[in-house]
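In the two complexes that follow, chain A is the common piece, with chain B as its partner first and chain C second.
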Partner chain A sequence: MAFGPHLLLATLEGLVNSAVLALTALGLSLVFGVMRVVNVAHGEFYMLGAVLAWWVASLVSGHPALGFLVALVVSPLIVGAIALASERLVLRRLEYNPESTIVATIGLLYIFQQAALTFYGPEARPVEAPFSYRVLLPWFGYSGYKLAVIAASALLLAGTWYMLTRTKIGLVMRATQYDRETAQAFGIPVTKVYAGVFALGAMLAAVAAVLTVPISQAHYLMGRDPLLLSFIVVIIGGLGSLRGTVIAALLVGLSDGIISVFYTPTLAKIIATLLVAMVLVFRPQGLFGTAAR
Partner chain B sequence: MTTALEIADLDCFYGEVQVLHGLSFELRRGEVHCLLGRNGAGKTTLLKAIMGLVPARSGRIMLGARDLTRLPAHEVPKAGVAYVPQGRRLFAEMSVAENIEIGLMARGKGAATRENVLALFPILRERLKQRSGTLSGGEQQMLAMARALCLGPDVLLLDEPTEGLMPSMIAKIRETVEQLGERGVSTLLVEQRVDAVLPVADRVTFVENGRVRATVGVDEVRADPDVVKRYVGVG
Partner chain C sequence: MSGESSPAKHYGLHAALIALLAVLAFLLPEYHHGVFARVMVLAVFAMGYNLLFGYAGLLSLGHAMFFSAGLYGAGLTMVHLGWGVLPAFAAGLVAGALLSLAIGFLALRTTGVAFMIVTMMFAQVFYLALFYFGSWTRGDEGLVIAQGQRRLSFAGVDLDLTSPVTRYFAALALFSLVLVVTLAVVRSRFGRVLVAIRENEERTRMLGFDAFANKLAATVLSGVICAAAGAAYAILFGYVGATFASIQYSILPLLWVLLGGAATTLGPLVGTLLMFYLIDSSGDLLKAWLPGWNLSSLGIVGVALVLLILFFPKGILGTVRERWVRWLP
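Right after this comes the complex of A and B.
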């Protein structure tokens, strides 16, 4: 393949990466931003989303699109419920203490992983894509489903942005993020907001995972890379900044796609990690974050 | 005169350190009641305790027949108590309009209350889209008061509203406080300096080391400025 088409292919693959990563990282960033806690189990919500998608789809007979669509709705809802239970049973009891939460969510990570191993098993299983249409470009054919993933992610990101900036729920979330005490003095039930944000963050990861399973398979250890990459994105983009998260996800996803195609995936990871180090040294609040007050 | 807010035998702690010691007093309906005391006397802690932000270890805070110490913090504003914190504590990254919206949402107030409050602070109307952190100090204080008045409160708690403001702004704040009684609002005003309260207060309570030293009518303070020295050792 000539260089031009090859670059186009690499860019498309990178965009698919970015699309999934942006959703996952946004979930981590919201929890980090509003609740000021680091959720180490975030990648496991992603994994649970994928595994549950396989389970739900396997229960639905008929056209593969039907199974996929049911999974796209049901799997994030179940993951949201699991997140709510974790928040109620663990995080709230620790009073969202940052250090304790890190340790506790490491514990949750192992619990979720082992639960998946026990009930789902060690196999990697795919979910059939809802459609198999291929877009024919002059140089190569490309999965129509992957393009749909990019579009779906863009829609979900736009929806989240709208919710955060234009609705009362978003206003309440931002007020809680800026000043928890004053928010309470204005009637905002911050523990409810925390619970909602934690569930929302987990559901974003789950949606991203459901979109991914037709491309890569569901596996009980699949949560590690998304967690690592989400951290990279949140650090580069800046805490609690949606714009920063999206731009950093594009940066990391695209460079990962392109460098992996032309050189090696290892080089891509090295560069991303180097970027994180540079950001931490020269702009600790992230490229688009505002300095801590 | 009926009682708007009654505080009885209130004890508050930060960890093991006791800050309020059996503190008692009453806020009458429609009055401007001033709490005067030195830095560190426990004035801010008292306001936070009323708002449920600092737990009361013992004692009662009665708003009519309701004991506020039994409510979770976010229910206190819904009961009709609005708070203007020390240092204003605006949602600095949000616009003026959004700060006002948060005040309105607390008790489900609508356009009528908003108009009413903006009429009190016309300058805010011109700044609705501006990020509140970029307002001048005086404007920020007005926004903090506007945000609180958007609750349509029965009781308003004001913590050092004139701290660090220019004299022209202090006059404006004072003027607003004077109008509150006519609106049926009972005001608890915290200040450190007596000259800041003499023109607006109906009664003055002196606080020292988390205890009430005395409550006197403002005429008594005007007639004999030495009472201030006697009770809190500051002028």
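Right after this comes the complex of A and C.
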């Protein structure tokens, strides 16, 4: 393949990465922004989403699209319920202390991994894509499903943006993020908002995972890379900034896709991680964020 | 707090513990003998972690890189350059000192949550670099240090560090040294400044202390102690692998210190020992009770972390100190 088409392919792969990453990172960003909790178990909600998608799809018989669609709805709901339970049973009892919650979510990470290993097993399993249409470009054929993933992610991101900026729920969430005590004084049920945000963040990761399962497989250790990449995205984009998160996801996803086509992925990861650590050291508000109050 | 108590009580207690461990060398059955040697080396790792986390209040999620700096500093020089035990150990310490100085210099510009993430990311870079330089480190597969190299000869004495008894006493010597150093640091002015920084950094700075310099010194001391544990691990157990640099080995010392009691000198040993036996024994028990559940140490570590942070945040010795033995350092 010539350089031009090769670059196009790399860009398309990068866009698919970005689309999935933006959703996952947005969940992490929301939880941090509103609750000031760094959820280390976020990658495991992604993993649970994928594993549950396989389970749900395997229960539904008939056309693969049917199983996939049911999984797309049911799996995030179950993950949301699990997140809600973790929030009630663990995070709330710690009064959302930043350091304690990190330790606790590390514990949750291991518990979820263990649960997946016990009930799902160590194998990697795929979910069949809902359709197998290939878009024929002059140089190569490209999976129509991957393009659909980009579209679905864009829709979900737009929906989340609309909810945050144009609805009452979003207003309440932003008020809680801006000033927890004042929000409480104005009658906003802060603990309910926290529970809702934590569940929503986990569900975003789960949806992203369900969308990816037909492309990559479900495995009990699959949460590690998304966690690290989401951290990178959220840090570069500025913690708690939705616009920054989406831009950073594009940046990271595209460059990850393009760099790993042309260079070794290990070196790409080393450079990306190092750069992000440096951003956090020298510009803690992120590249697009504004300084904390 | 700790400074008010008499030094005799403190040093007496620690000397008694060291003596007890020395006696145990002759009483323990073979299997537990080996476990204790390993636990003492890992407890050194935990003590290094505790210095920074317990006393200075800095929660790092990247200490695996300091342990591995020592591990690889000693291991690589022995395997590729054929160095002897003592220079290789020194190489491990130097690697740990340089790395912790550089990381401390950068990471200490951040605080709180950002500090945890930054240390975790630097550790991740270190971990990935081990794979990138796989032709020397052999990545996950790791390197085995030849038995013949793991012996120490000086002044006419020839010690074979692969024999269980010598290994136990080598581990005990390192453990005792680090334990006494930790106790001395904790009782010193420097140690009290660290606690002051943990309790209220701004006020400490206002009193005229250089918070950054003190935290940097604590980071380097902690890094060197962890590197000493890593170098000793490579030399005593003869294996060097990238697993020791993974995120799990950054979390384990946190777990050990939380269990034993953060900011207690003896907590790291208690935590490491208990956790080792908990994972060791519960593995078999759970397999017998719940066959086919694929239980690994993952779940036990996870449940232990959550339960500790929820119900027992001070750990075992922290609670003992709070309730009964006020003078415990």
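FYI, the second predicted complex is superposed on the first by the 290 of 293 C-alpha atoms of A that agree within 3 Å, B and C clash if a C-alpha of one lies under 4 Å from a C-alpha of the other, contacts with A are read in each partner's own complex, and residues count from 1 in each chain.
Here is the rule we go by: a contact is a pair of C-beta atoms (placed from the backbone, for glycine too) under 8 Å apart; a residue touches a chain by one contact, two chains touch by 3 or more.
Predicted, not measured: the structure shown is a model, and the values here were computed from it.
Asks: Which chain makes contact with more of the residues of chain A, chain B or else chain C?
Replies: Of the two chains, more chain A residues are contacted by C.
Asks: Once the structures are superposed on A, label A:159 by its partner contacts, choosing first (chain B), second (chain C), both or neither.
Replies: neither
Asks: Using the superposition on chain A described above, determine whether A:108 touches chain B (first), chain C (second), both, or neither.
Replies: second
Asks: Based on the superposed arrangement, let me know which partner A:179 touches: chain B (first), chain C (second), both, or neither?
Replies: first
Asks: One more residue to check, A:281. First (chain B), second (chain C), both or neither?
Replies: In the superposition, A:281 touches chain C alone.
Asks: Which of the two partners, first being chain B and second being chain C, lies in contact with A:94: first, second, both, or neither?
Replies: second
Asks: Quick check for you: in the superposed arrangement, does A:5 touch first (chain B), second (chain C), both or neither?
Replies: neither
Asks: Does the superposition put A:141 against chain B (first), chain C (second), both, or neither?
Replies: neither
Asks: Touching A:270 in the superposition: chain B (first), chain C (second), both, neither?
Replies: Touch partner of A:270: chain C, not chain B.
Asks: Can you give me the overlap between the chain B contact set and the chain C contact set on chain A?
Replies: Common to the two interfaces on chain A: nothing.
Asks: Enumerate the contact residues on chain A facing chain B in the complex.
Replies: Going through chain A, the ones touching chain B are 168, 171-172, 174-175, 178-179, 181-190, 290, 293.
Asks: Across the complex, what residues on chain A touch chain C?
Replies: 38, 90, 93-94, 98-100, 102-104, 106-115, 117-118, 121-122, 228, 231, 235, 264, 266-267, 269-270, 273-274, 276-278, 280-282, 284
Asks: Using the touch rule from the top, collect the residues of chain B that touch chain A in their complex.
Replies: So the residues of chain B in touch with chain A come to 51-53, 72-78, 83, 85, 89, 91-94, 98, 101-103, 105-107, 147, 151.
Asks: Quick one: in the complex, what on chain C touches chain A?
Replies: Of all residues in chain C, those touching chain A are 59, 61, 106-107, 109-110, 112-114, 116-118, 121-122, 124-125, 128-129, 131-132, 251, 254, 258, 293-296, 298-299, 301-310, 313.
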